[in-house]
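Notes for the one structure printed next.
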């Protein structure tokens, strides 16, 4: 009986994509709650407000970093789902685990923004990224084993997907290690890697056309 | 006149699915607001932060439990909707009642996380799960009576859907009863059932292929 | 130039529906933030917790009322959009005004829950409902004038849509007037009308089949 | 290897639209959190409540302004995406930058509502609008260069899209400059421009039909 239910459950790639887009959208927007407004009674002049806004810079950087993190994993998940012909119940649950890691990102971001000098806050943040990467890697492996992919998928796609996740996670792990020097080095390195990931491939592409 | 309006209202399964995905996405992500950040002035060292994070463990477990609850009911609702050819106004309202129970989940989760030693908090949480199950069961019954399902639905699907909800609710009810020993037993039992539900069927499946 | 841009903007009914489903989903789920958790230091026994939860009853009723309000208008908007072949820029803006009224609903709900004895809070809530109804009515009128509807729409649909909105608004207005006796009468009357709207047509339908 | 991944990533216009609708929906609804409820212990009569609600007027105006801002950019983005045949990874990242500016809007709105007399708050708000406009302009430029548009796009669409963004940004910049007289003038001017944008083109259109 149980197997029968499991065969009919969780078959819609479209609804998995819709839930994912919703969760990413809410998580990305909730990040903004980490930016706390200046307290009104501390502000008596334009200069006070300027200083209060400048003091928000670390929160703004962690906000940007988390938005980039979520953006990168959104692109990564989308790339996988685009190559699937169908889903099944187990695949749906692997992605629910992935989405769990997405929903916890606003928390680990606010933790890091509030305790930016503490290695532990940075390592907690890194665990979050690691979890996202490990589950996304496992999801692809499962999709291959269970033959969920489309027939017309080019044969070099699987290796490219795996390779990309491994490289990314290696760089994140190196960035996390840097926290034993300084958490600022970690954050700087991770943001640099992410901005490079998001922006750099555009430059050769613009020349190519 | 009223019947005429009722016949033209609420006919889109797609929009019902879209609203549902949105509400599940927001509810799943709002759960994270139940994880309260450590208070900055209590933290003076890495060790303080470590202790403050360790103290979040009960909240993290209730968070995980609620995410699993919502994930299970999301899969369950999706399974039903996938077998529907069309919706009608009454079906839409049954699902709005279901979604009402979804939106209240972040509240009952925070209630349980804040009052984890109190049987009443656990029973309130269980009522929430019970409501989700009863409405989903009623929704399937209505869909069968009103012949909303697709013609090509395999004949064993209806029994599998009903059976699954009954088994699940029986286990939840047993878990809730355990609170008369200890609320921790209840939570542990429910999480174990849920993790088993989400993960266990994967193991035989991996062997089968 | 301006006319040219206006002709190409806002033509997608699908994206308008997607934005609407998103906004309804967020607004419906944000309502739960109006249910405030009991304060931990006031609770020393199961009985204290029971009393604190019982004291939430008025908030729970306003929460339910607003969920029903949003559900009714979601069904109403969906019914209109289902009959459209296309959208245009003006229609998109009428619906953005409608969605503005949707996003303000969590505020007017919390206002009413916090000041439940005050006529002004009830009248503010009613203005919100009135705005939703007026804009939805105007939207249908515009869609008819601009010939956005599908060709195969049955000829009695337009009158049914208008009639339904008028009846509903008349009942809401009567309910709001009752606040000059007591705001509780208003709330009770409105909830009764809404529950009847959501549930009652099901009973004859169940018998018919 | 990297190029290979970049070719397969971010190709779905539908999922980009879905994420965008989700983020716009959440951001538009989060604006309501900027409307703070009157404090219960300050309210002892209907008159007190009336005064407290009247005092919310500036927040309500900034709320409306931000809702209009987001509505305008939602229509603008939708217009672009409707003309695309496909997306690519770079285009997805340009739109993620656009969505970053959308998620920060609730923050800059609350900043402006709280510090409405301060030029700096108004200039920060304007920077937000400027960022939205610049990225949307760049996105269109990229889509043209990378030939992502549909073949059947009318030839006058590109100029209309660019022209519209330029005119809008020029008016916003003029409005921002007015803050050196008074921030109220700025807000009044911007709201007037936006209401005109949203509502005015309807009038000739209604006459035309």
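Think of it as A, B, C and D in the order they're written, each chain with its own count starting at 1.
We take it that contacts are C-beta pairs under 8 Å (C-beta built on N, C-alpha and C of every residue); 3 or more make two chains touch, one makes a residue touch a chain.
Quick caveat, the model's predicted, so the values are computed rather than measured.
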Angle of rotation relating subunit C to subunit D [CA atoms, steps of 5 degrees] = 90
Note: of the two pairs B-D and B-C, more contacts are counted for B-C
Inter-chain centre distance, subunit B versus subunit C - centres from mean C-alpha coordinates, in Å = 24
So what's the Cα centroid distance for subunit B and subunit D, whole Å?
-> 35
Residue list for subunit B, restricted to those that touch at least two other chains = 18, 21-22, 25-26, 30
Touching residues (chain side subunit A, partner subunit D) in the complex | 17-18, 21-22, 24-26, 28-32, 35, 37-38, 40, 43, 46, 49-50, 53, 64, 67, 71, 74-76, 78-79, 81-83, 154, 156-157, 159-161, 163-164, 198-199, 201-202, 205-206, 209
What residues on subunit B touch subunit D, complex-wise?
-> 22, 25-26
Show which residues of subunit C lie in contact with subunit D when the two form their complex.
-> 1-6, 8-12, 15, 18-19, 21-23, 25-27, 30, 89-90, 92-93, 96, 99-100, 103-104, 106-107, 110-111, 114-115, 118-121, 124, 145-146
